[in-house]
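These are the structures, in structure tokens.
Here come two complexes built around subunit A, the first alongside subunit B, the second alongside subunit C.
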Partner chain A sequence: MISFYFGRLMEIFPFFLKGLWMTSKIGFISLVTCTLIGFILGIFRSSDSTILKRMVGVYVAFVRGTPFVVQIFIVFFILPEWGVQLEAFSAALLAMAIMGSAFICEIVAGGINSIPKGQWEAATSAGLNRIQQLRLVIIPQAMKVILPPLVGQYVLLIKDTSVVSVIGIMELTRVGWVTVVRIPEGLMVFTLVGFLYFIISYPLILLSNYLEKKMAV
Partner chain B sequence: MLVDFNFRVILEYLPLFLTGLRSTFFIAIVSIALALITGIIACSCRISGIKFIKYPAIAYIEIVRSTPLLVQIYFLYFGLPTLGLKIPEIQTGILALMLNSGAYMAEIIRAGINSVDEGQIEAGISSGLNYVQRMRLIILPQALGVTIPPLLGQNIVLVKDSALLSLISVMELTRCGQTMTSERFMPTEAFLTVAFFYMCIYFCLKALADWSQRKLIFREAY
Partner chain C sequence: MIEFKNVNKWFDKLHVLNDINLKIPKGEVLVICGPSGSGKSTLIRCINRLEKIQQGQIIVNDTPVHDKSTNLTKLRAEIGFVFQQFHLYPHMTVLQNVMLAPVNVKKIAKTKAEKIALEKLEQVGLTEKSGAYPAQLSGGQQQRVAIARGLVMSPEIMLFDEPTSALDPEMIGEVLDVMVNLVSEGMTMCVVTHEMGFAKKVADRVLFMDEGKIVETGTPGEFFDNPQTDRASEFISKILTH
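Entry: the complex of A and B
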């Protein structure tokens, strides 16, 4: 019986690859957007302006304080009520961007805050403006602190893409969920799904471990 | 927008939300306790010198850390019945949370133990303490201070992760929001209330974690 189901599973394997492609697509797009927004928010969060700091702080607290599923439901169900129509794919990307950028913002702000005040002062007295200070002096040094947890956050982001399956996006987890109805071998189907996730996220985990060792002073 | 936010419906559904909240609390507390035990066992296996128990522990930790929790939940939810184990959804959920958080806690505890300075261990060896005594008297007391704040952080993650159990129809907080949405179609009221309750839990746990960070990390600096 098991070998029969295994054969069936192999027949629909391309379906799984499609899911893997969708997962990688969502993962990659949200990785890029989250990094961009996260860096901008992180710079705001570590700035001297109290209002900016507070506003970003509220946003981060809201995102970190609620589960990702609830955030997806809020984006997918509530925004249409307020007149913003989104299809599932863009809703998923939006939810991922909101969630990921808040976490990356905290990492970036932590990295920037770890740079001693003297570096800022030196950059100011060298006649650099605010953007040059960040670009040439602060960020390159902060990268050492930012990079290891950032890669760790990427792993979490890729794993969190599994949650967007709840709004019906045909990514890897959803494919497994649909398959298990037809092939009632839960262990086999979800071992395959887990294995495919493992292939994407394990190299990133190794990279994160490597960076952590390398960047440790 | 929020102008026609209907508080009356929320009031009507408040008993449901409170049972959901209680259920979330119950799931969280049981899973945290079980995950801590799993984490301690997995960590002791992970750092032991015996290959026979070290490698299974490494495999467990790495597999859990590189697959999504949702996949692990579905794995148990759809997988256990095929093995002939028919247990209620809530127990499947607690099992999944326990195995998931256990692996992360094992890594946190291991990082704490590794953070103890090499010289301390050498000093222990030269005072003639054996392995168990070194662990009990030198390493663990120092590791504890570094371990507790991230462990509390992991508990915050676990509470938020318990929301995923709503997808295997465990009646907890998020599920209550889904129920209200399907009965009344008022997602704004439902999910913002759910979010509000999670925020309350988050702020309490966050305050606890920050307090422990201040208390424990700085004491270690002396």
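Entry: the complex of A and C
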């Protein structure tokens, strides 16, 4: 019986590859946008401006304090009531960007704040402007602190893409749900789904471990 | 060249600079001493606006430092600052440390900036260390690099905030030697230090601070041998017996 279902599963394997492709696509776009927005927010959060700090602080607290599923529902079902109509794919990307950037913001701000005040003062005295100070002196040093948890966050982001299945996006997890209806062999189906996630995230886990060791020196 | 006019500064309730009036002419070597917490570091940190002031005015070369419209980049390029803890950039080599400001602030071409940077490293006696990272240098060498990093912008003023206080005793001499050489070049210098030997040898004037006020100023001879206030003579006897 199992081998029969296994045969069927292999027949529809291209369907899984499509799901994997969608997961990778959402994952990759999210990593890029979350990193960009996260760095900008992190720089704001570690700035001297109390207003900027507080605004980003409220944003981060809201995102960290609410479940991702709820955030997706807000973006997909509530925003249209205010006139912002998004198709599922865009809504998924937007929700991912909001969620991921908040976590990356905290990692970046932590890294920047770990740099001694004297480095800022030396760069200031040299006449560098704020952006040069960050780009040439602060961020290059902070990357040592930022990189290992950042890559760790990437793994979490990729796994969190599974949540966007709730608004009907045919990514890996949704492919699993749909398949189980036709092939009632849940363990087999979701082992395959899990394995495909693992293929993407394991290299990142290895990279994170490697960076942690390398940066500790 | 540098002028303080009725300058007041508070850290919350602490009155760190209390009605400071001071003129430092071009070419003067001013040594500032006083007990810790007396405001001497804060005083020189206000000159390049590492610290803000709440009242009064500081004028450097006709530029009001604490005006909103002041071009800080230009002002800071004319003032070298040397910190107690060196604050070299640890991710850059010695040469990169020294070249950073000329390339990015003055927009000098890299090859030219490198030439100037090597000249300044030669001046502090560290040409052979140009490829090393700060962590590979001794404290004295790091502080000499920090001085070269300040000099490379050809500043008219050099500010030193306890430049030898973080050094092992046997390394103090090499840093002071570099500073003495600067004096002979006619550099305007404000030096926060307790190195009495340095003060006696090269200072034009010694300024003694306590609790945010300038208590006494005088030539090194006057100040050390014949202090006018009890507070100063108490301080001098303490650093002498120390």
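As a working rule, the second predicted complex is superposed on the first by the 216 of 217 C-alpha atoms of A that agree within 3 Å, B and C clash if a C-alpha of one lies under 4 Å from a C-alpha of the other, contacts with A are read in each partner's own complex, and residues count from 1 in each chain.
Definition applied: a contact is a pair of C-beta atoms (placed from the backbone, for glycine too) under 8 Å apart; a residue touches a chain by one contact, two chains touch by 3 or more.
Keep in mind that what you see is a predicted model, and the values were worked out from it rather than measured.
Once the two complexes are overlaid through subunit A, subunit B and subunit C fit side by side, free of any clash as defined at the top of the document. The three-chain arrangement built by superposing both structures on chain A places subunit B and subunit C 100° apart around the Cα centre of subunit A, to the nearest 10. When the shared chain is aligned, subunit C comes close enough to touch A:129, but subunit B does not. In the superposed model, A:185 makes contact with subunit B only, not with subunit C. With both structures placed on the common chain, the touch criterion links A:85 to neither subunit B nor subunit C. By the touch criterion stated above, A:141 is placed in contact with subunit C alone, subunit B being left untouched.
In the superposition on chain A, A:121 makes contact with subunit C only, not with subunit B. Once the two complexes are overlaid on the shared chain, A:162 sits against subunit B while remaining clear of subunit C. Touch counts on subunit A: comparing subunit C and subunit B, the chain ahead is B.
Think of it this way: put the two complexes on top of each other by chain A, and the tightest Cα contact between subunit B and subunit C is 24 Å.
Once both structures are placed on chain A, no subunit A residue is touched by subunit B and, in the other complex, by subunit C. The touching residues of subunit A, when paired with subunit C in their complex, are 116, 118-119, 121-129, 132, 136-137, 140-141.
The touching residues of subunit A, when paired with subunit B in their complex, are 61-62, 64-71, 73-74, 77-78, 81-82, 155, 159-163, 165-166, 172-173, 176-177, 180, 184-187, 189-191, 193-194, 197-198, 201-202, 205.
Residues 1, 62-63, 65-72, 74-75, 77-83, 160-164, 166-167, 174, 177-178, 181, 187-188, 191-192, 194-195, 198-199, 202-203, 206 of subunit B are the ones that touch subunit A when the two sit in their complex.
Those residues of subunit C that touch subunit A in the shared complex are 48, 50, 72-74, 76-77, 79-81, 83, 85, 87-91, 100-101, 104-105, 149-150, 153.
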